[in-house]
Amino acid sequence: MADDPNNMKVGEIAIRVRYPEADQMGVLHHSKYWVYFEMGRTELLRKTGWTYRDVEASGLYLVLSKCACRYIAPAYYDEELILITTVTRMGAARIDHAYELRRKSDGTLLTTAETTLACVDRAGTVQVMPDSIRKFNDA
Amino acid sequence: MADDPNNMKVGEIAIRVRYPEADQMGVLHHSKYWVYFEMGRTELLRKTGWTYRDVEASGLYLVLSKCACRYIAPAYYDEELILITTVTRMGAARIDHAYELRRKSDGTLLTTAETTLACVDRAGTVQVMPDSIRKFNDA
Amino acid sequence: MADDPNNMKVGEIAIRVRYPEADQMGVLHHSKYWVYFEMGRTELLRKTGWTYRDVEASGLYLVLSKCACRYIAPAYYDEELILITTVTRMGAARIDHAYELRRKSDGTLLTTAETTLACVDRAGTVQVMPDSIRKFNDA
Amino acid sequence: MADDPNNMKVGEIAIRVRYPEADQMGVLHHSKYWVYFEMGRTELLRKTGWTYRDVEASGLYLVLSKCACRYIAPAYYDEELILITTVTRMGAARIDHAYELRRKSDGTLLTTAETTLACVDRAGTVQVMPDSIRKFNDA
């Protein structure tokens, strides 16, 4: 289950589309999905007892190194959406996630996406991921 | 040449990173690149003598159906960037673009990306692209 | 009480600061507060049984005609904030709101603001507000 | 003249409204004007030979302490706008600006605004403004 509090590899959040996130076509602008996916990662990390704020406070940063998305159906202003975020691969210095965004009312799949994050220090040098994040692996 | 006014398949624009586009890492947030790529497409279309505003006024919309991006090096607040946008494939109802974003001062490649747009009407039904856009093809 | 479901003149929402809403100073960018205030109005309206989406579907729009804000203390990434939105004046074709944004953890007042909205039709002509909104008045 | 390179108290910039800056009413969202006004301040500062990036590199920050805006007429997607930014008052640790935003094609006044910035250090303590900025005063 996406909202199982003991499964640290999968998380579910609800998001309501804000007014300025919809463009003049009346649909969620494609650039805004990436903000939602980042929220999905943030809340998934919070399940481990750490926060991304802690990660940065420790001098590490998780930066996007690649991403891809398929836009299947539009999301509209004020709609409630459900985002499922899954850790699909964990390396020494990278994490891959997959995303499924659905309309809450009827479960319609709106978008699927994948991202790869790299763990770097302030100077941008690749660093081994802290254990607090890598424990996703053992979940 | 990217800025050849007669080549309607390739366009070049300059963009300066705005303050709120940089996040607390001090770098251009990954979601903002998609806004820049859209600006690249907009200005490339303008070369044909049409604008995307005209496209929408005619009842058609070019919507993102898929996208992918590689983030190679960060962009910083107030930096001037050069974006090269290229039409890589033109179908009856779709256009593919490729993007190269570089730092203006030293030419460093920051990001490469690809997108596929579908041509739809207000109801979201796929439509044949207007000739005004398809003439990219013959350029 | 701000969260009294029967008081349609005052509403309270919780908001968590998103990563790209903080700028490179590490604080919520001043432009983003207006998005939060709009969310406060949206949720306050929802208490009346109507939504702003319904308002627009009926052909009316509530557009900002003026606004003012005082920034007292910064909000940081990932902080939980409490926004209290109050209807302070209701005219035939305008609504005034006041806002108080506080840090949830310690109640620190971060920002106060005021806005005036005008009710217009698609063409921008001022219109009398629908009763569904004006009933805030009798709450 | 707003674009007199020797008058460091007044600056003029041109801005084209980007697609995701317009909301589903088809007009520039009210929150985006503040991003434009900040661009106006940034370019005005650049006239003095300094940049805001330099200011931050020196450990100082100019933060918004209050603002007000009147929205007179809407701006639309892809329109070219002209923003005139003026320093109206310079104190030891604050700067006030006024803004006029006009449609380029016909000069229509869209918005007027005022802001007060405070000069602070990283910890948020008020600091005397650097001379490089205060020389606006003598312009």
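Here the chain labels run A, B, C and D in written order, and each chain numbers its own residues starting at 1.
Assume contacts are C-beta pairs under 8 Å (C-beta built on N, C-alpha and C of every residue); 3 or more make two chains touch, one makes a residue touch a chain.
All figures in this text were calculated on a predicted structure; none of them were measured in a lab.
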item	value
Intersection of contact partners for chain C and chain D	A, B
Identity of the chain that, by mean CA position, is farthest from chain A	D
Rounded Å distance between chain B and chain C, as computed from the means of their C-alpha atoms	34
Inter-chain centre distance, chain A versus chain B - centres from mean C-alpha coordinates, in Å	24
Whole-Å gap separating chain B and chain D, where each centre is the average of the chain's CA atoms	27
Residues of chain B touching at least two other chains	19-20, 24-25, 31-32, 35, 38, 77
Residue ranges of chain B in contact with chain C within the complex	19-20, 22-26, 29, 31-32, 77
Chain D to chain C touching residues, read off their complex	24-25, 27, 30-32, 34-35, 38, 56, 61, 63-71, 74, 124
Interface residues, chain A side, partner chain C - complex	18-20, 35, 38-39, 42, 51-53, 77-78
